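One structure is given below, encoded as structure tokens.
Order as written gives the chain letters A, B, C and D; numbering starts at 1 within each chain.
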Amino acid sequence: MTSSDTPVLHELRNVVKRFGGVTAVNDLSMTVNRGTVHGLIGPNGAGKTTVINLITGLFDVSSGSILFQGQRTDTLEPHRIAALGISRTYQNVRLFSGMSVLEQVLTGCYLGRGTSLFASFLGTPDARRKWKASRETAMHLLERVGMADRAGELAETLSYGEQRRIEIARALGSDPKMLLLDEPTAGMNHAEASEIGKLVHELRDSGLTILMVEHNISLVTEFCETCTVINFGQLLAEGTPRTCIDNPDVQTAYFGKKRDALGL
Amino acid sequence: MTLFLEQLVNGISLGSLYALFGIGFGLVFATLGVLNVAHGAYASWAAILGYFSVDYFGVPFPAAVAIGVLGGGLIAVTVDQIGFQPLRGRKTGMLGALITSIAFLIILDSLAGMATNHQSWAFPSSSFPSGMVDLGLIRIPEMQIIIIVATLVCGGGIYALIQKTGIGAAMRAVGWNAEAAALSGVNPRIVILLTAFLAGATSGLAGVLGGAATSNISYMLGEGLLLKGFAAVVVGGFDDVRGTVIAGILLGICEVFVAQYLSTTYRDGFTYVLLLTFLVARPRGLFGSRDFMRA
Amino acid sequence: MEALLDFWYAYSATLAFGLVNSLFALSMYSVLSAGILSFTTVVFAAVGGFAAAQMMGTFGLPLWLAVVIAGLLGGLASAIIAALFLKLETHWMALASLALILISRVVVLNTPSLTGGVMGMVVPVRASVLELAVLLAIVSLVFFRLHKSWYGLAIRAVREDAAAASTMGVSARQIQMIAFLISGVVGGLAGAAMATTLQYISADTFYLGVAFTMIASTVLGGSFFWFGPIVGAFVFTALPTITQAVLPEIQDIAKGVVLLVIMIYLPRGLIDPRARGLRKAARQRQQSALNGSDAVEARPGSSTAGHAHD
Amino acid sequence: MNMLETSKRTLLSAVYMAVALGIAAPAHADPDAGEYRIGMISDDSGPIASAGQSYHQGADIAVAEINSKGLAGEGVTLALDIKDSGSDAARAVQAMTQFGSDRGILATTCCILSAIAAAVSPIAMSNEVPLVIYGATRASLPQEPYVTSVVALPGPQEVAMSERLAAELKPQKVAYFLSGDNDIFKARAMAMKEVIEKSGAATVAEISTLSADTDFTGPATQGIATDPDLIVVMTTQQPTVGIITALRQRGYEGTIVTSEVLSPPAIFKKSGETITGIPFALSFQPGVSDSEAAVAFIDAYKAQYNALPDVYAAQGYMAIQFIAQGLKTLSGKPTRQDLAKAMWGTSDIAVNPYGGQPMESGQARTPNTLIVNWTKDGEVKLWEKP
């Protein structure tokens, strides 16, 4: 079975993650189809970011397996997973201190640099050409997120919303097949969030698959085609956003605790 | 047999000094996250202050010990407040505090060198318990008994303080997570000051007692203690006072016997190889807790 | 003219030690800039120093050949040590590297056939200031190119946030391994430079004193750009010479006080590229506030505080 | 490089001048009146500062005496330019380079540690400045013509002392405390062992200690357990005092013999009774040395520092006297080259507190040997069989 035969791009199979005595993710299975925007939702502390960390290899799974394009990734190191084409942003923006906006995105282009570290050190003509190309890619990505005019500035001096956009540009630098967005609209007002939504749809239309962690269900119904709801690390519901919200378990999980989280 | 037993006591006494010194070093590392290379300077200064108080003011030995201990503690608190306090809350990690402590090592050692005229002094043998105790089979110097008892008392006391009291719980909490410590309701400032003082005071006690027992009061006294105390802490496990005491004593015994039966030149090598082995193969030490990692 | 020449010769030794200490500091910087606090430079320098001394003394090799061999052996030593150390958590690596310095001193003392043991070794060749300057220039060029290359970008990312960098495809292990190798080669060169400047080396030449000096130089000058350690090394080398001329009693204390003041008021060192960006941003904020336009909401420094935890 | 050419020029002009002067004034004349600076790299701080300060003070006394008595010539005065090395080789090398390139410095003196002496000697040679080594005892340090040493090589004194001890005490079982990291002290101990073993005494223990050690309870216990009737302690100063203290505290009452490291008054102030009666050999000791020069030196030192000079002070004193003596033989404007040649050719140091100090090829030969010990009242007297 070659990977392009099936609509499934990414899959979690019975994944368990324990920290000491605490089970953060419990027997979770989940599939993400090619070219879709998939939402991963759940109340606070449901284990959403843990799932993202498991997918990107920052955490090792305790048991179960993770497959990307049919290939197991749960035993790979994070940089190998990134090389397969999975890229991500962080819930609490993690840009590199001391780097300019352009440098942040250039770092994101590391995988697509097309030259060896040694050639780049020597500054061979080819390496120079490739470097210039990467720079252009980075500038282009910055234009896409509307940050091109801030390219020379120190990223950490920009506003939170701007930093989030830079982070998305950085994540796109490696030309990924799948993009994981961890609460991309946290701390944004509705107008800013809509802009992100527009960007997400543009990216999907250009062929990217997106897995988006969201806390706010109303945004999920707006952005996502399919979604998975988890609570206490366990699967609660899956399907279209609508069917998920109508699921009684999801209702209890949300309404039982925090009614306004639905925003309905 | 007599030789063996006497050497054993020598080793225990030597190791007790390492342990006594190491307790504070480990405490500061585990609680405050500072790898404090100036810890040895506290011992030197305590010994020097104790010696001066005997030499110039003729105070009795117990008072000299008290002065040294108090002095060591106060210097440690001063160093902490001048040097380490401004770094807290900044993202300088271990490096910042290490550099500051190197700065204090240079400053305190230089000042100690000036104070002693760069010479080595000794408590007059009449001013401290320099006799021998006859235990039938073996004879032991009085100072060795004092050192061993002092280490056990200090080690036990500090262990009880950390494990059984509210402030001890707060100290442990600071080591794990400063925010959790704030939640426990104890003022973190008090925890910091207390930890620094205890560390300086125990280092000072090791300095005065060691200085008296070895007839060597000098500005370099702390340096030797620092390297061996460091080894004791690593082998014992950073966050466990019991581990430090046991590892320190074991190290002392090993040193004495390696020197006697193998060679002096291998003695230090033995200690340091043991140190490296533990760092690489078992970083939590003999008794350290499994999950302890300074973040 | 004579006076100028005299001045040059009087301080040529200080200059020479400044150059040597710069190499030590750059070796330290190489690993520090990958987020690793390791003092193993001293061990690499011991390997390089004694190797160079043997090459020139016993085998009569010329200076530059001996220096190159010293660098290679330093690199070899670093490969072995890195393989052992890179799996350690950072704090433990710092401690392990200190332990390794203590051990290597014992080894040096107990292998007289290689190192002269307690007698130490006399080095028959002295490197001129010019030769040392050329060596530092070559090493500086390497660091300059590294900084400008993909490696430079990757190592900054690894240092600031290794986990985030790894999700961008940067292998922290690979970068840190390269950093260690560079540190080893430069450390070996530093050892050879020290040997040919002092013309006498022993176990004490490569011990804790030089470890403290090089870390202090690196932090003083700034460990965020390769030029920082060089500046720091020169300041730290010249300081005692200057204070000796003014107030000889306090030369050591002055060193400590300078270090302390820097740590408290300039914790990122004298050379800090980030400070320029921050100043620029501050200026812009002021400007926009004056223009009455919408103020930029900045959260400096907060963006990188996260950890790889949920 | 330029430096070399400059100094070649000076050398040439010096030769011309010397020739010219030689023709004009065949009779001996003093050097030109004026102040000449001597660079001294001291050990005023650092691990061996206690000895270092003695050398420094001895040198100061010599300068005062030379200047007041005109020992270096009519109207010729010396001034010491001190740079403290803290016993750090790198600092010593920097200091030596500065002295070497400072034209105002006529000669230099340095170094207790052989390691540092080895490091600064090549600089003295390449800068063509006379260097008088005091303190450092390694063989073959002098280099013609610039580097000379006023320190006699160790050995003969130990041998003399060992012969006397073996003859008078007739020890049967001897234990040796050696230095594991100081080859010179180790060699001295071995020289003694050879003599003592030849007299028929058995070696019951050889216990090695390190210079940085402070705890000697283990070694002392080990030594006493072999029940020796003579213990030889041949290590650097701190360990020597520590070992003797530990031996006595543990109740060893037999004879201990050691080296001149025990001689400084500060050691008696520190250790008092513990070290009384322990013989050691040296060449100079206040209260024993009674030559005119020795008495003058002791009086001057006492007047200046309100303390008695030790053997280290005597060496520092002699280093400067040696330079002054060389200087006195020159005439006109003295150059470093002429001074070095004059000093290299000196066959004995005239003003010395030893009662004679022969020199040979820039190297001091062993002067007289005094075997002394501390008494209870804090005086040093010739040792007598107890």
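Assume a contact is a pair of C-beta atoms (placed from the backbone, for glycine too) under 8 Å apart; a residue touches a chain by one contact, two chains touch by 3 or more.
Since the model is a prediction, treat every value here as computed from it, not as a measurement.
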What chains do chain B and chain C have as common neighbours?
-> D
Chain pair with the most C-beta contacts | A-C
Average the CA atoms of each chain to get its centre, and name the chain whose centre is farthest from that of chain B.
-> A
What chain sits nearest the middle when you go by CA atom centres?
-> C
Between chain A and chain B, tell me the centre distance in angstrom, where each centre is the average of that chain's C-alpha atoms.
-> 50
Geometric centre distance via CA averages, chain D-chain B, whole Å = 38
Specify, in ascending order, the residues of chain C that touch 2 or more different other chains.
-> 109, 252, 301, 305
Could you list which residues of chain B touch at least two other chains?
-> 110, 265, 268
Overlap residues in chain D, where contacts from two or more other chains coincide | 45, 180-181
Can you name every pair of chains that touch?
-> A-C, B-C, B-D, C-D
Chain C - residues contacting chain B, complex | 32, 37, 84-85, 88-92, 94-96, 98-100, 102-103, 106-107, 109-110, 212, 215-216, 219, 249-250, 252-253, 255-257, 259-260, 263-264, 267, 301, 305, 307
Listed in rising order, chain D residues that touch chain C in their complex are 1-3, 6, 45, 82-84, 86, 88-91, 93-94, 96-98, 100-103, 115-116, 118-119, 122-123, 126, 180-183
Spell out the part of chain C that touches chain D in their complex, as residue ranges.
-> 5-6, 8-14, 17, 109, 117-120, 122, 126, 128, 197-200, 202, 204-205, 209, 240-241, 244, 248, 251-252
Touch list for chain D against partner chain B, complex | 44-47, 49-50, 52-53, 180-181, 207-210, 212-219, 221-222, 225, 238, 241-242, 245, 249-251, 266, 270-274
Report the residues of chain A in contact with chain C in the complex, numbered from low to high.
-> 24, 47, 49-50, 53, 56-59, 77-79, 81-83, 87-88, 90-100, 103, 106-108, 110-111, 113, 115, 117, 120-123, 127, 131, 153-160, 163, 170, 173-174
